[in-house]
Every structure is written in structure tokens, then in C-alpha cells.
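One chain, subunit A, links the two complexes that follow: it is found with subunit B in the first and with subunit C in the second.
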Partner chain A sequence: MKALWNRLSVGGRLCLAVIAAYFLCAAWGGARSLRARLADETPAYNVVNVSARYQPPSATHWMGTDNLGRDVSARLVQGAWISFQVGIGTSLIAIPLGVLLGLLGGYFGGKTDSLVVWLCATVASMPGLLFILAISLIAGKGILGILLGIGLTTWVGVCRTIRAEVMKHRDRAYVQAARVLGYSHLRIMFRHILPNVAHLILIQFSIRFPGSVATEVFISFLGIGVQGEPSWGVMIGNARMRLWQGVWWEMTFVTLAIFVLVLVFNHLADELRDILDPALRNERN
Partner chain B sequence: MNGETENAREVLFQVKDLHVTYRRPGQKAVEAVRGVSFDLHAGETLGIVGESGSGKSTIAKTLMLLQPSSGGEILFRGTNIASFTSAARRQYRRDVQMVFQDAVGSLNPRMTIRQALEEVRASQPEPGPGAEELLDRVGLSKAVLDQYPRELSGGQCQRASFARALAVNPQVLVADEPVSALDVSVQARILNLMRDLRRELGLAILLIAHDLSVVRNVCDRVCVMHRGLFEDVGPAEDVFDHPRSDYTKNLLAAVPDVRRSLAARKQP
Partner chain C sequence: MLRYAVRRLLELIPTTVGILLLTFVLFNVVGGSSAQVVLGKNATKASIEAFNKRYGYDKPLILNTREGESVFDSQFFNFIKNVARGDFGMSTEHREPVMDVLKRGVGPTLSLTAPMVVCGTLLGLALALGCAALRGGAFDKGVLVMSTVLMSVNYVVWVLAGQFFLAYKWRIFPIWGYENAFYLALPVLIGVLSSLGVDIRFFRTAVLDEIYKPYVRTARAKGLSRTAILVKHVLRNSLIPIVTYVSLSIPYLFTGSLLLETFFGIPGLGSVSLNAINSADLAVVRAVVLLGALLYQVVNLVTDLAYAALDPRVRLG
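Let's turn to the complex of A and B:
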């Protein structure tokens, strides 16, 4: 990890710093709303003050207030918390699933591989949004439906990447040597091959995180996502109403927050891929 | 060497009319080995030489159960290796080990030499020799224990692979082109190592190589392989000094001889 930090460019380190700042904000917002909920108070992002509707940014409300007089900055922070939950939560579903299936298919080949490829093709052929809709009908609207919906559709990319890399490693001499030594298939897959393809997991995470965040925003904007909490998508949906009357602040700050988060993550993903992908590694050194 | 002592030795491998065919969906089947028979006795070094694609590595893979045969049989101490129970197969993995051509690549890049050796030890029912003893046996210093394969030279990696193979106390070592990726001075040292191992541990070695001088220096008996068949089989000196088949004669004639070419150059 330390070696990785040393190989990051200044831009990459800056991206990491920005992500860390986001994370701290999100964790702070999450902790605050959790405390409020435990104390049976209204969390800061939901404090309604009808007499202070649509106030532009000021010293008391840094980012202004919305249609019910709620503080936009508090809602933005809560939205960041939701985004991180989505980004990490969907990865926790998609990455283990994709890695496991990719390992099985790539290592065993044959019928196992056919099944994995078939699963990938089937899931990939379903329109993701419809799938997420269907899942949120079953799991109920809210964050759980989103996590399952995004998680269960996006493992395909992870699986394909891992599978292709495992297929390359399967015929390497060190895997053959492990087989000759009589190690079990599980041991060869998880102790020998997995550490050699693990860098792909980090790359995949950094690619998938902003994707999931953007998808969640979109779903919540449509109204089938997070309920009762200010997801960034919900906020955009809200801000849209009075934008034409010059209420610019809610829309601006939310889109800016999304834009910066997705931008730094994508940049970091690019850089990680350049550093960790062995095919490109030789060219760099 | 001489026939009498050889007959007295235990026969470890009996390979009878072995056929191996590679089948890939959508591709023509390739018959890499087309009926090959040989025996391997305890403590002897048997060489298989041949050009690339002659099927010699396929024999090694089939012996190691990495590739199924399509005909004939391989008996190890009288039992067909294709019909092993899982317990017998586990024992077989302890009796027969392999070293590969790609010395650096045959070690897991994410494991230090110590981890690789300790892993073998942990996988055995009764722990064999320790990592340091194994390294000592193959002539490596303890300094390499905590190094990764990429930090070592090709020769050091090949010694480490020998150490790993020896960690299970095998009786047979299948060496698939163990020196062809190494430079000449290192080659000689690895070949000496093999000779020592054979003498000290009584290992039977199946040496697969394309370099005639390598085989000639180390092996008791030699099989010359061409297009999936053995062209010549016999004691090393016999095969090299009195080749019977045309292919072996051509192969020997193709070896550049420095003295002969120098002599030829002196003449105007």
C-alpha cells in the first residue's frame, strides 16, 4: 500500500485526498443523523423552517435553503453519506460475486465456465434499470433495493475481468507446479491465483464506485430510490422545481458535489490501472 | 550404464504405447504423442531429446497427470496412474515431482521462497525437511529465504524450484527443459546439481531437453523423439556414437562442432 502511494502522481494523491475529505464529511453527516435518530430528534437535514424558504447562500445557511426551508449543506452532507453507502455497499455485493464466479469459470473452464459466461450474458442482457425496478418492488423502495439492484447487475464486469486474467494464469508454470504438488483446487484458486489478480479488484472498485453513485442518483431522481432521506438524486429532483425562478443554489451545489466525486474517482481509477495493470506496467518503468 | 545393475533395480515407471491427443473445440485434433513406450528404473537418469513440438513435454505433462492420455497406459510401480484413487494420487504427488523450464515463472510471484517451501511442508502428513535444509541441499544460501522470485536470478529460481520439489521427498523427478532458459555457465551448475541429487538421494530423473550435449552429459539412457515417436532408444554413448535411425544421425550432424569448423576455416 505504501509503495502504491509512492507511485501515485500528485494528481492521484490529490484525488485520494479529495475522496478522503468526502468520506470524512459523509461519515460526520452519517454519525450526526444517527445520533439524532437515536435521540428521537429531527436530524439537521430534515429541520423544516417554512418562513426561511428559498434563501440564497448566507452565513447561517452556506448553501442556502430549499423549498421547505431546510439547510442545503446539511442535506448535501447526508447525501454524501448515502452515496458512500451505495458505492461501498454495491461493491461489497458485486465484487465478491464477480471474483468468485470469475475464479471458478476461469480456473475450471469447460462446463463451469460455460455456466459463468451464460450467467454473465444473461444478466448483462437485462436492462439494468428494469432489474433494479423489479428488485425494489420485492425488497421495497429504499437503500436496500438500490444496493441489491446495482450490486446484482454490475458484478458482470468484475467477473469478466477476473475470469480473463485467471485464464491467463491457469496455464502459468506456478499454477502447474501447485497442481503437481497436490494442492487442492480451492487452495490454488484462492492462495495462488487470487493474490496475483487482486490488483484488478482495486481497479474495479475504483471504476465501479462512481458508476454506482451516479446510478443511485438517477434512480432516486426517478423517485424509486432512497425515500425520506436527501439522496443527491432526490435533491436534484427537488431543485428542478424552482430553478426557472432563479433558485440556483441547490441544483448547483448538488451537481458540483456529484461532478467532483465522480471526476476524482475516475481519474484515480485511470491512474491505478496504469500503475497496477502488468500489461502497462512495463511501459511505464 | 551396464545392463546387470539396471535389471536389478526396481522399475518405477512403465510406459506402454502412450498416445496423447490434444483436442480443442473448433480445432483439428493434434496427436502429440503417437505410441511411445519406455521404462524408468529407480535411481537412473533417462533423457528424452527432440526438437520443439516433438511431444517430449507432453510426455512430462501426462506423467504428472496434468494432461490425460488418449491411449496406452502409464504404470507407476505396477498401478495405472489414470485409475488412481484420490489417496493414491496424493501419495503419487509425493513420489513424483517436477521442475519446469520457466524457472522464475514456476514460483508464485507473490510468495517468498520461505513461504513457498513452508507451504509444501504444511501440506504434508509428516513434515519433511525444513526450508533451510532444503536450500542447503540445492546450494542456495539462507539469504534468499525472504526474497521474492523476481529478486532472484534464473539459476537461483531454478535451484529454489528443485528445493520445492525435494520438499516432499520424491523418488522421481521429472525435469522439463530445466536448463534451456538459463545461460551456459548456470546450465552446467544446475546439471551438476542434478547429478549430485541423484547420487545423494538416489533420485530417478526423467530429463527432457532439446540440447544434445545436456542429455549426453547427465543421462544413462536416452530416447530420441521425433514427431511423437521414439526414433532411437538406448544407453547414452550408444545412441550418440552409433546412431541407428536417420533422424538421430541428422540431429547429431546438425550440432555445430567448434573444432571442425575451425579446422575448416584454416583451409583456404
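Let's turn to the complex of A and C:
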């Protein structure tokens, strides 16, 4: 990990710092909303103050207030918490699933591999966004539906990358040596091959995270995502109503928050790929 | 070539079965009977049973093991039979066959997505070739930074901001409607911009993969101009990944763009699908998902066969 930090450029380190700042905000927001829920109080992001509707940014409300007089900055922080839940939660579904299937297919080959390839081809044929929306709809509107919808469709990319890499490792000397020593297939797969392809998991995570965050914004904006909590998508949908009358602050701050988080993650993903994937590095320069 | 075509055609069977199975499990098993949605929350038990009987939801799921009934008289096989006949059931929202609803949407969707894919591909390819020609220079770096920025802007924001500034504030384009070609200009522009970032990066990598190959050096040594090499040699050879990438967007030509169509009032399949999702009209969603997936199979097959016809390495390898 330290070696990785040393190889990142200044821009990459800056991105990591921005992500860390977002994460701290998100964790703080999450902790506050959890405490409010345990104490049976209204969380800060949902405190309605009708007499203070549509207030532009000021010292008391840094980012202004929305149509019910709720503080936009408090809602934005809660939105960050939801985004991190989605980014991490979908990865916790997609990555183990993709890694497991990729390892099995790449290591055993033959019939197992055909099955894995068939699964990948079937899921990859589905029309992306619409399929995710259908899964979230059927699983029930809410964060669980989003996690399932995104998680159960994006594992294919992880699986294909891992499978291709495992196939290259399958017949290498260290794997043959482990086999001669009589190690079980499971042990070879997880103790010997997996560490050698683990860098791909990090790259995949850095690609999936901003993608999932963006998809969640889309789903929640359509109203079939997060319910009753200010997800960034919900906030955009809310801010849209009075944008025409010059209420710019909610829309501007939400848009900026999403843009910066996705941008730094995309940039970090590029740098990680350049550092960790030597094959790509040679092609690029 | 024939052997390759037959083999490739046979490979279609398992994936198609997979698609049918996945759609069936998602919509018919997990999604369940649409009786509640259609008849409302206060429906009596008898009316729900009658509904289920009428639409075959009382049959076994995969295989029928009941006495005196055919083994294939199950929900799954009836589903396949109906799909094969082009019967996707009734839309609960429109109260007419799903197929009729979809047929109306194809034209408007194509009029939006076809120019979008063509313009987007040409623009992306031109910029990517520019990057490759001037690689490492200011133009290349500028385009790369721009494409990362473009792909980080959320799709929802593209649509809202485009409509707000270009149509509402500056009144360059009409805000909403589907009357003549001019009404399509803004949605097409937004669609192109929103996918340009990803496109450029993909095309640039595809071109750069070719540009260091020995034949490029040979052509250079022969005295060919840079432009001639780039367009006649490099572009031609990098077409395989590029054509694959573009052809994969063809099913999307059909399923359309959910947000653009809804926000600009284009009565295409995208807005039909989004309406169906909002009103939980699962029959329509299922039909669009299924047809999109099947179309993906067909497009994949055609592209693969085209490569095999054009490039012997594919069919022999």
C-alpha cells in the first residue's frame, strides 16, 4: 500500500485526499443520522422550517435551504453517505461474485468455464440501465433494490477480467509447483493465484465505484431509488422544480458534489490502471 | 466460412435460452402475478384466482407434472410459445397488446438514436484520430482531460442543464415536442455530448494500439504522408474493436433513451419504458428488456459473421 502511494502522481494523491474528505463527511453524516434515529429525533437533513423556504446561501445555511426550508448542506452530507453505501455495497456484491466465477472458470476451464462464459454472455446481453431499473423495481423501491440491480449486473466485467488473467496464470511454474506439492484446488486458487491477480480487483473497484454512484443518482432521480432520504438523485429531482424561478443553489451544489466525486474517482482509476497494469502501460507510451 | 457460420449460430442457442430463463425468473417468478397491480389492492381472492387462471399464472412454473396435462403446459414454456408468436401479453397501463404499444414507439426512437450514434461516432473518431496524430502534444492532452471531465458529468445533469440553458434560458432550441427535425437537434446534441468522453477514450486506445506496429514504420519509410497512413492504414486496421464497440450500441438504438425521450416529449420506446416502470406495467418492461437482449444476440452474430467474411484470421483462429 505504501509503495502504491509513492507511485501515485501529485494529482492522484490529491484525488485520494478528496475522496478521503468525502468519506469523512459521509461517515459523519451517517453517524449523525443514526444517532438521530436511535434518539427518535428528526435527523438534521429532514428538519422542516417552512418560514425559511428557498433561502439563498448564508452564514446559517451555507448552501441555502430547499422548498421545505431544509438545510441543503445537511442533505448533501446525507447524500454523500448514501452514495458511499451504494458505491461500496454494489462492489461487495459484484466483486466477490465476479472474482469467484472468474477464478472458477479460468482455473478449471472446460465445462465449468463454459458455464461461467454462458452466465456472463446472458447477463451481458440484457439492456443495461433498463434491466437494472427492472430489478430495482421488482426488488422493491429502496436502497436494497439499487444495490441488487447494480450489483447483479456489473459483476460480468469483473468476472471477465479476472478469468482472462487467471487463464494466463493457470499453467505457470508456481501453480504447477503448488499442484505437485498436493495442495487442493481451493488453496491454489485462493492462496496462490488470487494474490497475483488482486491488483485487478483494486482497478475494478475504482472503475465500479463512480459508475455505481452515477447510476444511483439516475435511479433515485426517477423516483424508484432511495425513498425518504436525500439521495443526490432525489435532491436533483427536488431542485429541478424551482430552478426555472432562479433557485439555483440546491441544483448547483448537488451537481458539483456528484461531479467532483465522480471526476476524482475516474482520474484515480486511470492512474491505478497505469501503475498496476504493466501491459497497458507499455501500450500507452 | 460455412462451418464457422453454423458453429456461431449454434452458440446462439444457449445464450438465448439463458436470456429467456433470466427474463422469466425475474418477471414471472420474482415479479409474480400482476393480478394485484391490475385489479388493485382491494381485489377479492376469487377475482385474483380468476385473473391468474385466465392468464395462466395458476400453471406450474417450469415443468407440468400434473396428471393428464402435457409436460410442457407450464408458465415457462407458454411464455416461450407466446414470445415466439410475438405475443408479449397485455399492457396494464394502455389496455392493449404490448406489441402494438411498442410498434408505435420504434419510429420516434430511431429518429432520435440513429443520428445520435452516427454523429457521436464520427465526432469521437475524428477527435481520437487527431489525438493519435498529435499524441503527447497539447491537443491530445487537452482532449484527454476534456473527455474525463465529460464522462464525469452525470447523465441526469446533461439532460437538465441542456434543456435549462440551451432551450429555456438562451432559447436556441425548442424546449419540448416532436413536430419536426429541429425538435430533435437538442436531444441529439445532449446524447452525443454525454457519451463523447467514453467514446473518445475507447477510439483513441484502439487507434494507438495499431500505431506502433511495424507496418506503420514501413509506410512512413516509404514516404507516405502522416494523414495517408493514419486514414488508410491505421484506421482500417483499428476498425475491428471500433466496429464491435459501435455495433454494441445498436440494441440501444431500439430501446432508446429513457431520459431524453421523456424530457423532450419524444413518444419513443424510451419514454414508453420509463412510463411502464413508473406505473409498474411489467409486461411492457419485460418485452423491451427481452427484445433488447435478443436484438443484442442478432447484432453480435451479424458482426461476428462480417468479421469472418472480411478477415480470415477470425474464422480460422
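Operating definition for what follows: the second predicted complex is superposed on the first by the 274 of 285 C-alpha atoms of A that agree within 3 Å, B and C clash if a C-alpha of one lies under 4 Å from a C-alpha of the other, contacts with A are read in each partner's own complex, and residues count from 1 in each chain.
We take it that a contact is a pair of C-beta atoms (placed from the backbone, for glycine too) under 8 Å apart; a residue touches a chain by one contact, two chains touch by 3 or more.
As the structure is a prediction and not an experimental result, all values here were calculated from the model.
Engineer: Classify the contacts of A:Ile82 with the two partner chains as first (subunit B alone), second (subunit C alone), both, or neither.
Structural biologist: neither
Engineer: Per the overlay, which chain contacts more subunit A residues, subunit B or subunit C?
Structural biologist: C
Engineer: Touch test for A:Leu137: subunit B only (first), subunit C only (second), both, or neither?
Structural biologist: It touches subunit C, and subunit B stays clear.
Engineer: Counting only touches as set out at the top, which of subunit B and subunit C does A:Ile224 meet: first, second, both, neither?
Structural biologist: A:Ile224 sits against subunit C, while subunit B stays out of touch.
Engineer: First (subunit B), second (subunit C), both or neither: which does A:Leu148 touch?
Structural biologist: neither
Engineer: Per the definitions at the top, what is the overlap between the subunit A residues touching subunit B and those touching subunit C?
Structural biologist: None.
Engineer: Which part of subunit A faces subunit C closely enough to touch in the complex?
Structural biologist: Listed in rising order, the residues of subunit A that touch subunit C are 118-119, 121-123, 125-127, 129-131, 133-135, 137-139, 210, 214, 217-218, 221-224, 233, 236, 240, 243-244, 251, 255, 258-259, 262-263, 266-267, 270, 283-284.
Engineer: Please name which positions on subunit B make contact with subunit A in the complex.
Structural biologist: 64, 66, 89-90, 93-94, 97-98, 100-102, 105-110, 119-120, 123, 161, 164, 168
Engineer: Where on subunit C does subunit A make contact in their complex?
Structural biologist: Against subunit A, subunit C makes touches at 14-15, 18-19, 21-22, 26-27, 30-31, 148-149, 151-157, 160-161, 164, 168, 205, 208-209, 212, 251-252, 255, 258-259, 273-274, 277-278, 280, 282, 285-286, 288-289, 292-293, 296-297.
Engineer: Which subunit A residues qualify as touching subunit B in the complex?
Structural biologist: Contacts found on subunit A: 172-174, 176-183, 191-192, 195-196.
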